[in-house]
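Provided herewith is a single structure, encoded as structure tokens, for subsequent inquiry.
Each chain gets a letter, A, B, C, D and E, in the order it is written, and its residues are counted from 1.
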């Protein structure tokens, strides 16, 4: 029913379910391997955060779907990567899917993160193991931050916030590359610059496609009338909204810059080529009349009085020097040189 | 009253009406040739799916129109291909028209599919015989899937879903061509690449024209307050909506890529031509001063002291070599070579 | 108060008022020359269609305005051509103004058509005599079509429908020209192609300006809550709406194609010119070194040992042949030839 | 508080307040120099139109502001030119500010017109003395037109209508220039054409900036629920709306035309330059091989058998003629000539 | 939680809290260094304006946050520069953040200004010490302006108004640079012009990013139903709105101009280069045939009758002069010279 990006189920080898259960006073942490072990946490009053770090074991996702009464289409969305960021509301839970970016060796690496937010639980699904959520775990363990006193919606907010904060790292890296390219363009634009501009443009467009839907996601989150979201959380969501707008702004700026750089590149290359052609053509233009003069006195007519004159040769040489000087002055005056 | 694409009724030779009638327990399948034989199915409680696989026999369409009380304008829409995808709601039925794509030998083949969705029946009209709907028939026959327990709106959903899923196949083929073209452009851009870019662009625009109206169609379907659509189906329609947005996204990406490729092509061709011109001009530029020197000593003046010198000839040759070397060094320093 | 396109009242020599008055059973047809003769038809229950085929006689329009209580601004709109298509609703009548296109000898000819739709009458004003509405007259006379049983709003719909159907003829002609131009561009793009592309583009833009406002006109017609429009007519209006969207789609497609063609034209011309320049430059490049060699042995130094050698001349000829062959091989390897 | 365009109060030397007070029967006209003299007209039932023809005397504007209870910010808007066209509604009056254009010697001259519309009075402020409103004065004096029987809102409508009608004059002049430029471009595009295109483009953009806000102004005027505007006037305002849309349409068309002309210009110039270069290069290409041949037989080898042959010289001449003919035929066949 | 622009807390060395407390009769002014000293002003009926001129001392901001019950996220927004202009409404206060521009030595300098508007107090936070708000202080001290009789919302309006008025200064400077660049482009476009166009374009885009969000900010301010804003203030806010629209208009105009200038630049450079190439090629074209003729009579054939003729040499010279004259006439007629 859905488009599978590479038509292949990705296969991982570890399976790990990480559970944190906390109230304002207590924090309980376990790692389990079967869904059964999650059941005791299900109806607790405390906030339970279940984190699944790979999507290898389809059974586990299905079992969680059954246990928490998740709609079959949502279960499918979790399993299949390549989703567009979105939020879907249901009576007893909300579903978020986002795209997480990491940037290493000039290559964008991207991963799908699904978040199920129930009244007293959060379930997160990551495509690959990773430590992005660690700061939140640390804050929970410390028991002294706001997060422990608040319900699951604040945890959901914190998770989304940390994912979006991650975008700034990539933006910064893009920003550096854009600046670097601009410097190069001013000094010595090469064919490689063109390809780099295009490759960076493609990366920016790729990021852009993930960022724009975030705006709608956060708007839905903010305007949601779901009972699962407390009013005090709305201000925090508005805060993420501002970040998303700022990210979009920056992405659009990079896009504009890259288009402008393309123009600069093309006109630089053109200019340089024109300069070369101009100099070369000027050289030819200076020598062609001279060659004509030499040709003139290379003719074999019997009666060419100049040829017998003593000062004929030096005179011709002088004429040539005068011609060259005249042409050079003319070209300089016309600002062609 | 309507625009007929080629001003000609298309003529087919087979006529075939295929009927599946099913409940959660029973599945009845027949092939009939006259509309009369459809009458017994009309008022049954079970879901009846009537599939007509060519639009040759205009009478059959008219008769179905009469039998099921279809508005004459809708009957006309069914008959005449070239419709824009849309959904129209009536009291006792809804009408959907979509475009189905198949892609063979780099040629897009397109076909109009009309779906009439009544309370206990679905009538589908295909322009050409085809087996696109077979997976749904198989599921119905298997009697073990959701589809058998649900009413006609779920069948309509399934049909639209399978048509839209088909778009991914074409997108994938386009994706491959886009990548292939990009590879070629980096290595050896030819005149043919330009025509291929334009031809692919045209195909993408063609697809785009069919995809954009789908968005409105699905939105109408989802927001419809028609009693014919059960609430549980809405989540499924939302799911198609996500697919349509994803398809639109991809189509727009391809469009952008193709525009970018045009730029790369033009600047590559330009670069290559400039390179050639540069090398050729440099060759001329080196030989023109030399030719001038030869001309100089080809002059027939009686009094040219250099001509009688023993080392005159080797000296001129040396001067020439020095000139050439100097020019080459100069050009290399200026990075013109 | 209004802008008169050529600041001149157009003058025609015939005046003709054609009246058809019909019910489902009866059809009465007359041609009159004065407005007085229209009065008896005014309050009849039957549908009366008054057609005025030129706008020469301003008095007639004024008199009709008075007789049917038309707002003075509307009377002015009827008289002055160059209106933007629009619909205006009043209590006792609706006013439509459209643009009719005819296409002869590659020239677009355009004409303003005004339609006043009262409860039991329709008044149409055409700028020039013409037979566009004849099919509707024939249908009315035949007394066997839907149109006779329905009220004036259906007649108004039919008139608008036939005007819009007329656009397809022009679109088809444009389509042919676009295809023809594309063929020419691939084979032999000339300066004339450029002007043809621009002229066709201008025509398409001209049509576009008349087509876009139609969308609003039809939307207003469909959504109108005027009591003059019966509910059964709405489905028909929706049908025109689909046509208008289709026409707009096609116009936009042509626009895109023409822009694309401009790109192809420019790069073709550029390519061709570059090809020529390349070949010419290669010829020069081959001969310039040869000419240098001939210059070398044309020098008049007394001591040039090669000149006295028996095989000097053939050797030089051989060197020249080798040089040429080498250059040609080099150019071929570099794919410059 | 506001941006003053040239940071200078413009200084005029005449001050003149022109008052027309009229009912359907009576017309009273006076010219006064102080505001005091306006007081008697203030509470009359008749419509009073006070026209102030320069903004020199800031005191007068302030006094009028006090007398008619105008909001201080509006008084400031009246004084400071460079306002964007807009309408502002207050309880007892509405404020309109528009831009009036005149076009002389290819220079656009622009002026700000403010209109205050009270229940029984209209106050107009013009930047410079002018006779644009004369036709309305004449109509009022004639006592036989609609205008005298209607209240102040109709006068306001008439004033705005006449200002907007004025735009057509400029559009016509632009239209002529656009056509003229197009003719020139087809025949002989020069550097001046480029600057004229850009200068006209700038003028069109300048007009555009004044025209677009008019749309909002008129929409606000039409939709206004102010008690100062009678229902019968709304139809007239809708009429201006149509004009504004038409003006916007025309302006956009000119903009598109000018962009298209830029393309034509650039490709014409390019074409022409390419043509020249082609012809020149062909000439060189023909003579370079010939020069090579002459060089060949200008060599001083002792043993060159051809040199002693009687028919050597005519043979070489023949070879040259054949070469030239062959090259010309080749170039013609390739359509390079 | 938020993106810190340079990842560094900016460090300033002075800390200064400036307080003005005023009613229509009294004005009290103090400078304090601790928040404690602000407490007595907190619940006064008079309007208290607390201005903090650097963001160095994070503690002060936190303490103010606590004292006035500001939401922690807002406190963070105040501390971290790089915010997008916005307004946020709370029950007891509104929060505004804007960007202030100063322009010195062709460099844009930008600073974040935060305004907290409570019922009887305003708190402003500036990034750097500055005297932008001095005119307002003077007006307050003078005790004779409107501002003293009105509540805190009018003070907030005045502050925002003065910040936005500041934009006009930068716009004016941009306007001068744009005009200057245009003049240069017409006379002598250089490579530097290109970089200046791009640099100015970048500055305009930078300003634009700060200006567009203002529109939303002011709209929110105007439409706010907050009890903190009195109805009489709305007219003033509408006035700022007009300014913002005008600023946006101007910015967009500059953007368009700069794009147009890029076109002019490119075509100027191209034209100039083409002119040079043309002249140079014409020179070559004239001399190449001449050189051929000299080559002809430089051949060493024994039997060349012309060589022995007395008038051979002058004849050849004459032929050459005729050839040159003919070519020059031809080129002039073709308008190539």
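For the reader, a short list of remarks on this structure follows.
One rule holds in what follows: a contact is a pair of C-beta atoms (placed from the backbone, for glycine too) under 8 Å apart; a residue touches a chain by one contact, two chains touch by 3 or more.
Remember, predicted model here, so these are calculated numbers, not experimental data.
Shared contact partners of subunit B and subunit D are C.
Interface subunit A/subunit E: under half of the residue numbers present appear on both copies, so the contact uses mostly different residues. It takes 70 degrees of rotation, in steps of 5, to superpose the Cα atoms of subunit D onto those of subunit E. The mean-CA centres of subunit B and subunit C are about 27 angstrom from one another, to the nearest whole unit. Once the centre of each chain is set as its mean CA position, subunit A and subunit D turn out to be 43 Å apart. Residues of subunit B in contact with at least two other chains: 277, 281, 284, 288, 291, 295, 298-300, 304. Shown here, the protein chains touch around one cycle, each chain meeting exactly two partners.
On subunit D, the positions that touch subunit C within their shared complex are 161, 165, 168, 186, 235-236, 238-239, 242-243, 245-246, 249, 253, 256-257, 260, 263-264, 267, 271, 274, 277-278, 281-282, 284-285, 288-289, 291-292, 295-296, 298-304, 334, 336.
Across the interface of their complex, subunit D is touched by residues 1-3, 71, 73, 82-84, 86, 88, 191, 194-195, 198, 201-202, 205, 209, 262, 266, 269, 273, 276-277, 280-281, 283-284, 287-288, 290-291, 294-295, 297-300, 304, 306-310, 312-313, 316 of subunit C.
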